[in-house]
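In what comes next, chain A is part of two complexes: it sits with chain B in the first one and with chain C in the second one.
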Partner chain A sequence: MPSLISPAERDFILKGIECNIRADGRQRPDFREVILETGVVSQTSGSARVRIAGGTDILVSVKAEIGPVQVDPETGDGADKGQIICSVECAPSASQQFEGRGADDLNNELTQMMTRILSNTSATSSSASSAAGINLSKLCIIPGQQCWILYVDALVLDYGGNLMDAIFMGTRAAIFDTRIPKTEVQDLGDGQFEFEVLDDAEDTDIVDGREDMPICITLNKIGARHIVDASPLEELCTEAKLVVAVNRSGELCGLQKGQDGGIEPSLLLEMIQFGKTIGQSLIKQLDAMIKAEADSDLGKRQRGEPIHKLGFFAQ
Partner chain B sequence: MSRVELLSPEGLRVDGRRPEELRKITSTTAVLSQADGSAYLEHGNTKVLAAVYGPREARHRALVLHDRAILNVEFNVAPFSTGERRRRTKNDKRLLEMASFVKQTFEPVVITTLYPRSQIDIYLQIIQHDGGTLQACINAATMALIDAGIAMTDYVCACTAGWVEREPALDLNHIEESSDTSEVTIAMLPKSGKVTLVQMESRLHVDKLEDVLSLAGKGCKHIHQVIDKTIRDRAEELARKMAV
Partner chain C sequence: MSFTFHAPTPRETAESSKGRRGEDMDIDEEFAQIQAKASMKDMAVHVVTPGEVITSDTAFMRGHGTYIEQEKVLSSLAGVVERVNKLISVKPLHTRYTGEIGDVVVGRITEVAQKRWKVDVSARSDAILMLSSVNLPGGVQRRKQESDELQMRNFFMEGDLVVAEVQAFFSDGAYSLHTRSLKYGKLRNGSFISVSPGLVQRCKSHFHSLACGVDVILGLNGYIWVSAHVPQSLDEIDTEQVYSNKNKEDITPVDREAIARVANCIRALAQETMFINDTIISFAYEASLQHKLKDMTKREVMQSIAQEATLAVENMKG
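Entry: the complex of A and B
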């Protein structure tokens, strides 16, 4: 992760973006190639590894564990809801600056952003789903007592710019890969319940509402223009960045402005619109990739062939 | 508490291996874009990623040695690496200890006098844990150091061996490790046969020690062949690419 940029390099990038041609030959709205693989970590409920061709490499795992429900003491909300707990960790292998406590600030920022978008239930509607579209009620086992807690852990292994978008793409793919064991609840009378987890690997639940999960598009304002999927050097030239979370139907699920520069109101709306269009088409691409992989895995399973995941051996 | 039968009457272990059999080792180098050298190693179900940065200017002026490089090892465990999800802080004593083992293992092997006033960082990341993390980390670190082009006198190959029920067994997995078996990890320089690390945390009868150590030594030699093959294959591939 470079932290300094020379005036000449900055000038080169700025003028390039003005002419709609970037250092790696892309145009302003172009994403780099995204490589996605699911089911890479066997001891998790669901996992995915996402790589962006320039180097960004993220491993996301989802672990489903049983825990007590969390009830909001003020509103009494949450008694019939499961939870999603997010965490992002930047490994020092990604950049020398992440050594020791060096990544703490970035970890917090990314974790908070993920938590806000994935697990906050929308305050205005009393619907059961979170802002991310996941149906949290389906994760509840016994109302007021036990629920499934989905721990979403993202591990940043390599850095090549555009972490946020990659983390959300990985999270979406990992949630698609997640299988939660079925439970059977028994009513013992007088408000007592007991449940049993059925350990049948073939008969499991998927995460309800996973299709509506959003992804993030980070727009970097450089000069008077904005670009998507910035490389590390382009990120250093960014005056202001806008993170737009959008789901497949084009609804806005979150918005955050970062860095110290300002954005004109007219440009802001244009950027949001732009992010929305790109996000929707990217979700289509990702869904096709996830579906293709799931289909090929299913076919292999039916034919009794071993499923071989490339993981880090993919070049 | 009923104990798991670690050795069947036919002499096979819980995962179906014979006592003197290693798990499958697969590895590759140059997996990361930012690091100067990197390696990924799968030892059975234990998966480790190693990244090496340097030699570069030392971060803390106070630590600089004027005649040689300093080695710095950081050890991280992914929260999802074990069966139960668990987050570890950076100050976990166990992790710091593992890091210092790795550091001590490499200090005599890396020719640090070639890089005075500089620092070499080795970052280790456990992605999946199934026993034998220390050996996997050392082997992965060796490969990453070679990938970074850092001068070393020899490979360092590490292997564990233990005493399972009635005979010595090579390369214990997580079930065997956690059911109170005595386990020795050694790191060896395959060319000279010198041992740079010996670590044992449980009790083992001194009469059995020799058998266990010689078995671990054999394991190290075998691991050396496996690692060496990967390194040579990757170097050939690189040479081929550069020739075009």
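Entry: the complex of A and C
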């Protein structure tokens, strides 16, 4: 990850974007290729590895654990809800800058963004029991006591620009891959409950409402134009960054502006609109890819063939 | 707008590529392969990680990338074990640049210090460019003054890209660079690519003007500069302009496309771990013309370009 750029390079990139020829030959709305595999970490409830051709490499894991419900002391909310806890960590091997405490700010920024979009109940949903489309009530085991907590951990293994979009693609794929064990609750009377986790690998729950999870599109404003899927050098030229979170029905689920440049109101509306359209079509194709892999795994499982994941032996 | 999603593909192993090549070989090649098989045991790739025991046999000597602990030879790097007779060394998977005097390198200024600039050349430590090793504007023979020291940022600023030559080594192993020739200096009018340092071959010249109107500077440290062609005759260069940050005004979209195409060709070659020199870049460029520019970031297209370029080079050699 270069942290510096020369004025001549900046000028070259800016004028290139102006005439719609980016440094790697793409046009302004072009994404790079995405390489995706789910189920790469067997110790997790669900996982995915997303790579963007040109560098970015992200591993996302979802771990379902049982924990106490978190009740808001003021409103009494949350007694019948599970939780989603997000965290992003940039590995020092991804870039020299991430060594020591160098990645702290970026980790914070990415974690906050994920938390805001995925675990904030008030931000996105029409019904209060869901966060980012995911039905949290279904994650509750014993109301007021125990629930499932989904820990979503993203690890940035390599940096090649556009981390945010890749993290959200990986999260969506990992959540789709997630299987939560079924539980059986017994009523012992006097408000006492006991539950048992069934360890049948065949009979598990999926994360309810996963299709409605939003995805992020990062738009980088460079000069008077904006581009998607910026490369590291393009990110250094970015005056203002707009992250648009959108779900499959095209609803705006979150918006975050980064960096110190300004965006004119008319351009802002155009960028949001553009992010929404591109996000919807991204979700459609991402889901098709995830489904194809899940179907092929299912077919193999039914035929009794071993499912072979490439993981880190892949190219 | 369109998106491409891919499932990962398995890595090609040494054996699978051998098998593929074996489809149409003649007797001579077959003989060579039988011979190769006989020594296969030595050739089998042995990948090690830092701290891994390579051998506990005390008969072996320790080479680069290894160390001895409790009479065992351990690896100090992540890489591939190489054995020459009794000498064991580890060749790292990722290398940094190790330079020699006279190498042409492309670097990025990271720091302006007392009478010197620090330059990132993808080596183990930053290289150093002394104020006394650059040509100052207004004549080659000018004496350095105190005022020059105060306005060093007017020459090179943090982030600037320079092409320079390795002049000497310091006692701590850092490289000392110089730009005392009109072909060296600040880089403009183009874009920057970084590849693994091992891929750039040492050639007679590292400054190339390709037929497609694109100039390429192949830094031996793996940093490559691809830029619009600037006619260069040494008399014409305005010494005042050497440190300018302004790109030339007339870079046309056609130029930009050519630059992007050449840059993508180099990326394709680097991705397929092929040596990079001006010949193979020209062949790769020709092979790329049948693809749309925006498709050149796709993996299949990159592979086919790299393959066609290698074939063309092999044909040329006869």
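Keep in mind that, in the parts below, the second predicted complex is superposed on the first by the 307 of 315 C-alpha atoms of A that agree within 3 Å, B and C clash if a C-alpha of one lies under 4 Å from a C-alpha of the other, contacts with A are read in each partner's own complex, and residues count from 1 in each chain.
Following the convention adopted for this analysis, a contact is a pair of C-beta atoms (placed from the backbone, for glycine too) under 8 Å apart; a residue touches a chain by one contact, two chains touch by 3 or more.
These numbers come from a predicted model, not from an experiment.
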item: Three-chain arrangement built on chain A, chain B and chain C clash or fit; value: clash
item: Partner chain(s) touched by A:313 [first = chain B, second = chain C, both, neither]; value: both
item: Which of chain B and chain C A:159 touches, first, second, both or neither; value: first
item: Partner chain in contact with A:54 - chain B first, chain C second, else both or neither; value: both
item: Touched partner set for A:150, first chain B, second chain C, both or neither; value: neither
item: Which of chain B and chain C A:271 touches, first, second, both or neither; value: neither
item: Partner chain(s) touched by A:207 [first = chain B, second = chain C, both, neither]; value: neither
item: Partner chain in contact with A:92 - chain B first, chain C second, else both or neither; value: first
item: First, second, both or neither for A:106, with chain B first and chain C second; value: neither
item: Touched chain A residues, chain B compared with chain C; value: C
item: Steric overlap of chain C with chain B in the superposed model, located at which of 45-53, 153-161, 207-215 or 225-233; value: 45-53
item: Footprint overlap on chain A, where chain B in one structure and chain C in the other make contact; value: 54, 313
item: Of all residues in chain A, those that touch chain B in their complex; value: 1, 41-44, 47, 54-55, 57, 59, 61, 63, 65, 87, 89, 91-96, 99-101, 151, 153, 155, 157-160, 311-313
item: In the complex, chain C residues that touch chain A; value: 1-12, 108-110, 157-161, 186-192, 245-247, 251, 253, 256-257, 260-261, 263-264, 267, 293-294, 296-299
item: Touching residues (chain side chain B, partner chain A) in the complex; value: 26, 28, 31-35, 38, 40, 42, 45, 47, 49-51, 53, 56, 59, 74, 76, 78-85, 87, 90, 121, 123, 125, 127-128
item: In the complex, chain A residues that touch chain C; value: 2, 4-9, 11-13, 15-16, 19, 21-27, 29-37, 49, 51, 53-54, 233, 278, 281-282, 285-286, 288-289, 293, 310, 313-315
